[in-house]
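Shared between the two complexes below is chain A, which pairs with chain B and chain C, respectively.
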Partner chain A sequence: MNKLFNQPLSIINIGLPRFAESVQAQGVPTLHLDWSPPLVPHYSHTRNGTSIDAANQEAIERLLAGRPMIVGLGLARDVIPNLTNHTILHAGPPIEWEHMCGPTRGAILGALVYEGLAPDPEAAATMVDELHFAPCHHHHAVGPMAGVISPSMPVWIIENATYGNRAYCTLNEGLGKVLRYGAYGEEVYQRLHWMADILYPILAEAVAFSGPIDLRSMIAQALHMGDECHNRNRAGTSLLLRALGPALARTCTNTEYLAQVLEFIDGNDHFFLNLAMPAAKATLEPAEGIEGSTIITIMARNGTDFGIQVSGAAGQWFTAPAAQVDGLYLPGYNEDDANPDIGDSTITETAGYGAFAMAGAPAIASFVGGTAQDAIATTLEMYTICFAEHQHLTIPALEFRGTPLGLDVRLIMETGILPKLNTGIAHKHPGIGMVGAGVLRAPYQSFADAFEAITTW
Partner chain B sequence: MAIRFVLKPSQYFDSVSLMNIAAELQRLAGIEDAALVMGTTANKTLLEAVAPLTPAVQDAKSTDLIVLLVGDEATLPDALVTVDRLLTEKPTATFNTGQSQPRTLRTAQRMSPHANLVMISVAGEYAVAEAWAALHQGLNVFLFSDNVALDDERHLKTYAIERNLLLMGPGAGTAIINGVGLGFANQVPHGTVGIVSAAGTGLQEVSSILAQHGVGISQAIGVGGRDLSETIGGLMTFHAINALQADPQTQFIVAISKLPASHIAQQVMDRLAASGKPSVVIFMSAERPVPPDGIYLAETLEEAACFAASLATGRDIKPSAGTLSVQYRFSPSQRYLRGLFSGGTLCEEAMRLWSQHIGDVWSNGPLLPHLKLPNSHHSHHHCAIDLGEEEFTLGRPHPMIDNTLRIQRLLQESHDPQVAVIQMDVVLGYGAHPNPAAELGPAIAQARTIAQLDNRDLAVIVSITGTPNDPQNYAQQKSLLEASGAVVAGSNAAASRLAVVAISGVHS
Partner chain C sequence: MNKLFNQPLSIINIGLPRFAESVQAQGVPTLHLDWSPPLVPHYSHTRNGTSIDAANQEAIERLLAGRPMIVGLGLARDVIPNLTNHTILHAGPPIEWEHMCGPTRGAILGALVYEGLAPDPEAAATMVDELHFAPCHHHHAVGPMAGVISPSMPVWIIENATYGNRAYCTLNEGLGKVLRYGAYGEEVYQRLHWMADILYPILAEAVAFSGPIDLRSMIAQALHMGDECHNRNRAGTSLLLRALGPALARTCTNTEYLAQVLEFIDGNDHFFLNLAMPAAKATLEPAEGIEGSTIITIMARNGTDFGIQVSGAAGQWFTAPAAQVDGLYLPGYNEDDANPDIGDSTITETAGYGAFAMAGAPAIASFVGGTAQDAIATTLEMYTICFAEHQHLTIPALEFRGTPLGLDVRLIMETGILPKLNTGIAHKHPGIGMVGAGVLRAPYQSFADAFEAITTW
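On to the complex of A and B.
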């Protein structure tokens, strides 16, 4: 017996609007598609017969099962695997010194001075041949903007409680003249030293005292409080302070230092970004390497190139030149000062928040066109290119619908809709720092190349 | 007369928008013809029949828009400006809040998790992929699109049946599910008669006549015109009969098909006999199969409806007798009967009824291959034109939606001194033109005037397929048509019989 006869009709219309109008006029709930022809054929199976949908479903289940927790802090050289004393990690896909952009170079030079390996940036510039550069992603780490991690920097340690894998990220320095935006100079070094000497041990002790802190839950709450956990982290930062507050009070005996720590975090609305990012990384890594899966597990930029990795081809980068950001600028700067798109922070979009959760962050709607409706439209558009919806991260303004999760290369290529990314903007020259923030679309070519590869699987 | 092609690379528009624009352009003074199509191979082949393609148009891709204008050289520049204006105007139809319209079926299903039916009317090459996506997601499908390969149809239907889903179509023009009309459908009461139809306007005609006798429909399932062919083997017809057999609301079944494979027609009747529900079949074929007990074999759609109405009401309901009260005074040159149809099934039924009395009937979709018109745009002898065929609908709306082409053809016929009688169908209901008689009526009056100025009488006989509850107001449509001088019949079969009576007056 066909069940249809016993159910109220609910119709999806693809094609002539007239047909949707006429069934709607008969009182039937009707959804009319804004349809256009697929730009590429739909691939349901790989050549050897693996079901791509089934592989993607497996990837989604792993993503949804992920439980990223703050389990501690440590120095990069002690905790990040295979990080030698002459290794410098950077954001994005692999790149040689001669192709690095201004802010990445600036951050590396500043890091060498901070490490005590060179007295000044000029001297540091003569040392680059002795160094080994590698993407953060090759070491289970992520870094915002230039994303530079040098051996003596303190890092958060995030563990995915379900799968046991760990991810790492530095502590956020704040805005303005900061290393991650390519700035160097006394002000930058002093802050980094204070972070290593005062902030790091106090946080490490508090986390050790409090025990693991659940980041998935914190991100879910932050999304309900107006963050998208990429360009806005005010709520997440506040939630972190609430979670750590009692432990900080009980473990930090020096009240002046404690006050400095609280002031620093309070003065830095992006402090939580460096937790939202490794939380995403720790969640995404278990979904890498699923045969036949077209889900994107990494999107990252080094300021010169944009690159992605796809689950079914783990370890393989598909790159394209990094795009310019459509942004709002700090006073005194404009788009002529802007470096192309940079940083690992697009790991947040890859994990289903950031720009994809824009509908939950109307306060920063000015980045995407100005109105709350524009913010909602951004999220709605991203559903089209995602394989699934999040179960744990939801958007109140969309009736608590889950955020778009699991970018599918096939859907991007079929619809021609490119992922939207939120981001900060660095000055294109070394040594200056942040000049603005904005949004952009990920460049087409990396997805086209990945799709090409998928058709040969 | 000048011909102008304009190519607009990488501009995609849905076909209905393009058709609306083409229709608007055709109304411009000095424009003879206009077509806007995406540059698919099929579309280019069809355009080639209108005008030789320029090299740029030959190279156009399916994502490029091709504009063709035929008209006075002087009017073309303005018309091209109009094209650009119409292309950039925002569509007026909005559903939900404009911005939240989903782009893909997967997204739509997430937004509408209780959806159970997908209507698909995009071009055939894309429709198959969308139909597969819908079936894979457990959704029933109403597939309006045609140009679907037979193999695809068979695979889709086989899979749908395994999942206990309906796949109506391809080329399904109409269905009534749970009282809701899909595609082109009439407003009929809910009742006890279930219909399975491989002929779209056939379903509309039977359900409308049933409604006129106060008999309602439980479910009416369109299965696509090729379902009873050798290749498809009646897959969806049998599935639909099973569904109707299991449906407690359905007490009687009507099965409709054009030209079924004869052994499949026999199987359908046997299957209906086994259903235990009294059934009526109408197969528009030359052969007359022998029905098993409990199965009534009808000759016409009207007769099928009357058999079913008799079963449902227990009364003896007969097809309308049809007498022609008008006396036409034809001149000696007037010899021929012409049919200008919007419904393919109605065209075929008329040809079958005519040919029993007047012999050969030419057509663009003839009963016998040797009677195919060499040029569908020029009538000769007795002939019937199905204006819903693709050769006429390229870049234009279907004649049930837009009367322009049929009016042009009607006026063309009225100038032909050999024409005596013209039969037309007017199909009402959801999806159809909101007020067809307001346009066809004046055109019929004009056609009769043209003939009269040439000292000819012209018989125009019109059938209306519709019900009193259709959105167009049946009574008003009828009186508008009668006021124009047309004879209006309540069924296509009745109109066809009247047309035969009228043309017989010529020969006597």
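On to the complex of A and C.
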């Protein structure tokens, strides 16, 4: 022992990094191996004997079979099932007004003014008792950030051609001072009215003329063009414009309006986000409700809570407090302004893209922070907590390997590796809007509770 | 010595790979280090004392200052300087009819029929003595593949806003049976006439309305979206459509024609190639004629010869036989059908993109062959023969490192590393068209001769 410590040491540290750090502090060459023993044993069957692997395989097959298509647009009240005139949908798991965060409240107040139900946000605030709030996910819909959908908003209609189910999402407003980031005011209402009065009917007519547009193919292409289809949608937006262009030209008789529509979409590289999201939702819904499956079918946040649903326990939310985002901020803002993680857009990660496809989107580093090497590492790490790999969505930089698909609560608990999420950052106060974008890990407790529910089946 | 060879060996081989191969064949672990001594000494000054480094630095500064912009479209006869009605431009260095390859002859014969000068290719073949053939490069133009420009073809006009010089290129026809790959026939003529009669005036009016369009910015974005702007132009084509869309809508009164134009461009992911090329040409011309500079300002092939020009010996071609392409072939074709390397499109590599930016375009592997790792390796290798790195064109996957810029004949001779080129492959017989795409090295002799010319200045 004396001999050992009298010669130069090279240390390999396995487990807690603190040991490596203290040795390193003394100038000893140290390699830290980031390893920990499995937190929980591997469960291959539920308590009643159902094979979890077989159930998960079934879930993956349904995900891979999904064919999300744009089939049309409509007003929320006309097309989203069970939406009364006093229902306001929001992102994430269920939440009452009392516990809603600033941006969700801001978006709801703004939506009430937009709907003509109140003259201003102050008056709108007195009406909230008359309203019914529900998660978008309870109505086959998804909403980025605050995710507010009010009855007269136009929405995309996405149909999974294989299973016939439909999903819905509003049209993307752009960045900055926009409703989904909790902003309100004349600029916000005017843009929403232009979107409903000009953009919506023109897009609706073009889609009706062109016929269904294949979103899985478009997402697959966009992943080959530097998008991860969550926080970077420049390629997806470009491909959508290419696909719609001829039909827009043939159906829009007012060429000035046509030019405005093209300019609006060209001016907003996130326009495709509101298609990447319902495409994911339409793909995931058929994988819900498979007995014994530990595949996650929903991850969503309302700005207060983060919540998941698992295929084998469909309809049941497992929630935890929403985490803070590690982000890059717009000039004039910092982390003190930031609301916790918010929005349904983590449906993209749930469906195998977004942060999970970061390896194909190195340019996103300038938007959410980090390096190209981090982006590769993120995708590689996510493989360890996914049950399978995608067959249709691939990453050229990883030699066309499929993206990580099918988040498995078991693997998250065994490895202790939490899903990485990309996201925008809203100001924590109502009425202001976007302040940045970044990345974070989903909170542990949701997965622990879902796992607990599974192991006690 | 006996002791050495009686223990397990691990070999590091430096230099000729044959040694490594024979040891490896005997099952001995072998690491081959690809190294060779400098082929020639490093020259820092020309014979008359001019600093080569200073001259090259000046060339790089001019390249970096270049701002290629789309400023309009016109007919070749009206806008390309010194083009008589009997001049036919072609790709690559000068060549007489007798030595022209099949695809160049095919494209010329097809162009004569398109111009209405002959009823069919056979009749056109009897007219070639009446024509004047010249390289595109002698008229500030570039042409992909056969690169044929005849007087009534519409061309893009690209102006370098910093230096005022202009470059020209035809509009891209698409892939397959097209004139630039040496094809002729009714399908080819009809497409060319539609392009001149419908596409050209509509694009010309839109560009006139929109004002100059910044190609350097568009190329920079496309490199962040998986294009290398030579053999992959899906992102560039998308971004061009986005940029032109509103102006097209505002200027084109015939919405059916507008739809056809949008469809034609959407249907051809290579449409942007014919902008990436003249953008490179417009950027490189101001770097010509710097005394003592060993920076290459032109690489081009006519399908028979490969040729380069070097800044310090402007106007002088250094040629070598065009090489065969290592490619992927369309169904029904193989390397026996392939014409040697052809076209002016290597102007993209000369300007720091194309194969030099492969690291940012891993998806191109499905078009030209190779792996994503090969793509990274190509870019890294090209840094060793370039004088500088680009400041405006960057590669996210390499942590936003600038692309290799300024091919230096000295470095090519010192290292023995020849420039890698991406390219399409034309059938060797006239009248057929595209048979594949691939990669290759530029031939050694051009660089050796240019180097010789420099060292004897």
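As a convention for this text, the second predicted complex is superposed on the first by the 416 of 457 C-alpha atoms of A that agree within 3 Å, B and C clash if a C-alpha of one lies under 4 Å from a C-alpha of the other, contacts with A are read in each partner's own complex, and residues count from 1 in each chain.
By definition in this document, contacts are C-beta pairs under 8 Å (C-beta built on N, C-alpha and C of every residue); 3 or more make two chains touch, one makes a residue touch a chain.
This structure is a prediction, so every number in the text was calculated from the model and none was measured.
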Partner chain(s) touched by A:Tyr444 [first = chain B, second = chain C, both, neither]: neither
Touched partner set for A:Glu256, first chain B, second chain C, both or neither: second
Chain B versus chain C as contact partner of A:Gln373, first or second or both or neither: both
Touched chain A residues, chain B compared with chain C: B
Which superposed partner A:Phe209 touches (first chain B, second chain C, both, neither): neither
First, second, both or neither for A:Gly245, with chain B first and chain C second: second
Partner chain(s) touched by A:Gly226 [first = chain B, second = chain C, both, neither]: second
Touching partner for A:Gln26 - first (chain B), second (chain C), both, neither: first
Touched partner set for A:Tyr163, first chain B, second chain C, both or neither: neither
Chain A residues contacted in one complex by chain B, in the other by chain C: 373
In the complex, chain A residues that touch chain B: 1-5, 7-26, 28-39, 41-42, 373, 376-377, 380-381, 383-384, 389, 411, 414-415, 417
Footprint of chain A on chain C - complex, ascending: 221, 224-227, 234-235, 238-239, 241-243, 245-247, 249-250, 252-253, 255-256, 258-260, 262-263, 266, 362-363, 365-366, 371-373, 396-400
In the complex with chain A, residue positions of chain B that touch it: 12, 14, 16, 38, 62-63, 91, 93, 95-96, 99-112, 114-123, 126-127, 129-130, 133-134, 139-140, 144-145, 164-166, 177-178, 180-183, 185, 219, 243, 246-247, 249, 401, 430-431, 471
